Amino acid sequence: MWLRTRCELEFTITEPTPFVLMLRPYRGPNQWVAQEECRLSPTVAASEFIDTFGNLCLRLVAPPGEFAVHASAEVMTADNSDRGPGAPFIEVQHLPDSALSYLLPSRYCESDRFHTMASEITAGQQPGYNQVAAIESWLRERIRYLPGTSEFPESAVEVNLRQSGVCRDLTHLGIALCRSLSIPSRIVVGYLHDLQPMDMHAWFEAYVGGRWYTFDATQENLRRGYVVIGYGRDAADVALYNQFGAPVNCNRQETRVERID
Amino acid sequence: MWLRTRCELEFTITEPTPFVLMLRPYRGPNQWVAQEECRLSPTVAASEFIDTFGNLCLRLVAPPGEFAVHASAEVMTADNSDRGPGAPFIEVQHLPDSALSYLLPSRYCESDRFHTMASEITAGQQPGYNQVAAIESWLRERIRYLPGTSEFPESAVEVNLRQSGVCRDLTHLGIALCRSLSIPSRIVVGYLHDLQPMDMHAWFEAYVGGRWYTFDATQENLRRGYVVIGYGRDAADVALYNQFGAPVNCNRQETRVERID
Amino acid sequence: MWLRTRCELEFTITEPTPFVLMLRPYRGPNQWVAQEECRLSPTVAASEFIDTFGNLCLRLVAPPGEFAVHASAEVMTADNSDRGPGAPFIEVQHLPDSALSYLLPSRYCESDRFHTMASEITAGQQPGYNQVAAIESWLRERIRYLPGTSEFPESAVEVNLRQSGVCRDLTHLGIALCRSLSIPSRIVVGYLHDLQPMDMHAWFEAYVGGRWYTFDATQENLRRGYVVIGYGRDAADVALYNQFGAPVNCNRQETRVERID
Amino acid sequence: MWLRTRCELEFTITEPTPFVLMLRPYRGPNQWVAQEECRLSPTVAASEFIDTFGNLCLRLVAPPGEFAVHASAEVMTADNSDRGPGAPFIEVQHLPDSALSYLLPSRYCESDRFHTMASEITAGQQPGYNQVAAIESWLRERIRYLPGTSEFPESAVEVNLRQSGVCRDLTHLGIALCRSLSIPSRIVVGYLHDLQPMDMHAWFEAYVGGRWYTFDATQENLRRGYVVIGYGRDAADVALYNQFGAPVNCNRQETRVERID
């Protein structure tokens, strides 16, 4: 499935403002980036680096005035969203080293607080994929998905109190529940074709049966058409942009995904 | 300064229990590990890996029964605790890539909530080292240091509400305050010679003037004799041990540091 | 300076053939990639990874028949080619860890064989930048630059015997000479604007005075307009493509660089 | 199997001389280091770093006079030397990214020159483990193992001409032959219990059937008792020590391995 993604950000800057942006599609085994573009207006010196998760990050200092970033890409998405019912729980001693950090609590996923709740939600389930699927179903039924309602990331504890949230919030709660059962889980941010309403999206992956599987409590069924921008422990690791110094206004953020095959 | 460090942990295990332990001194430019030892009793297969922060981690599955870990080392500590008054703030665009992740909020350092408070604490200070020193002084005066009172890590927000805490808690609040000013800051765990009462210790570093400087709000003056075990964003990254599955009791934890030169 | 780069490769494949290609511009502090594209014809599943040098690599299996790869990019090149006469030699104990591997001999740079020769070439020079500049001048005067004459990489020893070579060959000899003086040196491959005749290019960098400086013995003067694709120890690390299994013919390789600002 | 390893190096230094040493046992899944020690005499400031292969390296500047390094360790070796006849060849497109660099030619393993020879040696063998086993047998029969005869590493081409060599030399030829068949292969240096005559040792691993297997053409049968110090592409990556500046004499190098269980 070939997709064209597009994200436009517009800011009004009052003093030179450092930014770290994460807008490039992820380069990995499950998607192929045939073309991509990142235009800065006005053009400023920018540089890129790869963070510890392998995400491509962009650094720049935005000059005073109107400042816009237009990022687009043509991506072939692999069929990486297959279901794996019955995929077994991997005992901690058999996890790859690289999965271990996704067992620990993080800024927005206080997994150390959810063990009892996760055990109840997954009662009777076979350890592994089926537990995560039970968590995903529980989120879908119990936490109201209210796209567009939150400005700042909320932590799993906060989301659980509020019983509603945006995609990122449901994701945080799903991750915290998985980790509390010793299942590695990580956030993914990116695009989803046909997301309603269209916006940047967040979902989660869990490591069971020897690989990462995709879960998304905001959608009725797992669909194709996910384009990954970045992986992390939670939203703190994968902000679309981090801006330092005096807060600036993002006047406009527009996201588009079109099918092109 | 040559130090012999020693940490002993004893557990009663009821079912095979996976552990990840962080007990080995850090191998880096500022300390030299001449000798070290890690004995498991009973002896079990164990393996080591290096996490994304460069920390040496140990994985094993503890068998049912009494289980003990004895770790010791002879370490020459470098004089890495010098003060640097006036060391300037480094603007985000000039930070090394490796320092950037220490600007972001993390599990126990909700730096996104402290900008106003940090600005007040550091009012009138020259940006950089002097701001961090003001934060350290403020912590020393305002947050009661009560060693041995906390079982679980507390986050900066919680510590600020409670106005007291263990070394780890003061560290979390210090880090959150630094990061809210765009100063990279990280936790360090390890040993401190002559710490009263003796225990594992935590302190923080801040990146100003082109290098990391040591800060420790629990001590009246910055002393020598720090032995680093690990670096991280907060206590979630550098737990002495993470244990998975049914909780086990740590019956005994003993820490010793002797001068040997 | 804004450049549009373009590389086209065409192969005739007889059996499914695995490739690793290095065609994407490097993402680092000294150049900004505003747009880039990599088209495979026919379209096949491809995936990318980042090697230990930070180079973006592309993996795929080419199907039997005609197979083409068209890679292009729009790159703003930083002014990273400034001269630094007098930049001092950095003693090994003060080099950053990351530079150390560039002191060791490698496949095509047998630096262990060149100490005497390098000492003679640089006699009387101030240690550091001036030594490397003397090596560069010596290469320019003594080794005939014969673009387009070599099919396989030649090692420094071979180039020194033959006294002529393509850009890659002069680079290997330059690197071996630098390393034999304990100056870290690495190969760079990429594009050079206005290179005559146009082709993919190779040059080298040396670490003196606390940073990497660019050297190119094939050009009369150091010019702007270098676009980096990859860094490595020598040509073995940065082949435009490595192909496995039965050898295939590259029917056509075309390179273009245009100025677009 | 518990082993105590010991390596002693003694040098006469005439001017301050930078060293990078690789003496610590490797920390990985297949061996457990219960105790280790590294004494410098006289004591000098030293620091450690982890190279891109995960090897623990030691940096220091040796002062003029007699200089000694005594490294010892207690290591539990895992049974990682099992044979795997029939383990299949892994096609390049299915290799993990981390294995790919072990397919390329390197300083002492000019795999680009050995394809015909490797095909002859392995004619009729099932692709994979059996090919490597045929290469190992061929080395054992055709290349005379003459321990203690070589001072400098020799490359696969040189060893093949000379038809004899030390463990490192046979290893280089074995690796070059494997890589020429698109089988990832790497050098391992370390200790071997009961090696006759006792010395530091080198052997190789090949990646077939989804994991690394141990091969050693210098021994009649694959035995237990290997203690790994480091992994690399060839001897250039894993020298026991690299010394920079004016050459110094190693007056004495003594190696011991005792069984302690």
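Letters are used for the chains, namely A, B, C and D, taken in the order the chains are written, and counting of residues starts over at 1 for each.
As a convention for this text, contacts are C-beta pairs under 8 Å (C-beta built on N, C-alpha and C of every residue); 3 or more make two chains touch, one makes a residue touch a chain.
Each chain and its UniProt protein: A, B, C, D = Transglutaminase-like putative cysteine protease.
The model shown is predicted, which means the values in this text are computed figures rather than measured ones.
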Task: Could you work out how many touching-chain steps separate subunit B from subunit C at minimum?
output: 2
Query: In terms of residue numbering, is the interface formed by subunit C and subunit D classified as same (over half shared) or different (under half shared)?
result: same
Statement: Contact-pair count is greater, between B-D and A-B, for A-B
Query: Based on the averaged CA atom positions, which chain is farthest from subunit D?
result: A
Query: Just how far, in Å, is the C-alpha centre of subunit D from the one of subunit B?
result: 36
- line: Whole-Å distance, C-alpha centre of subunit A to that of subunit B, is 29
- prompt: Which residue numbers or ranges of subunit A touch two or more of the other chains?
  reply: 49
Message: Taking the top-of-page definition of touch, could you list the pairs of chains it picks out?
response: A-B, A-C, B-D, C-D
Task: Can you check the complex and tell me which residues of subunit D touch subunit B?
output: 27-30, 32-40, 43, 45-50, 54, 56, 76, 78
Message: Under the stated contact criterion, what part of subunit D meets subunit C in this complex?
response: 18, 20, 49, 51-52, 57, 59-61, 91-93, 97, 100-101, 103-107, 109-110, 112, 152, 182, 236-237, 239, 242, 244-245
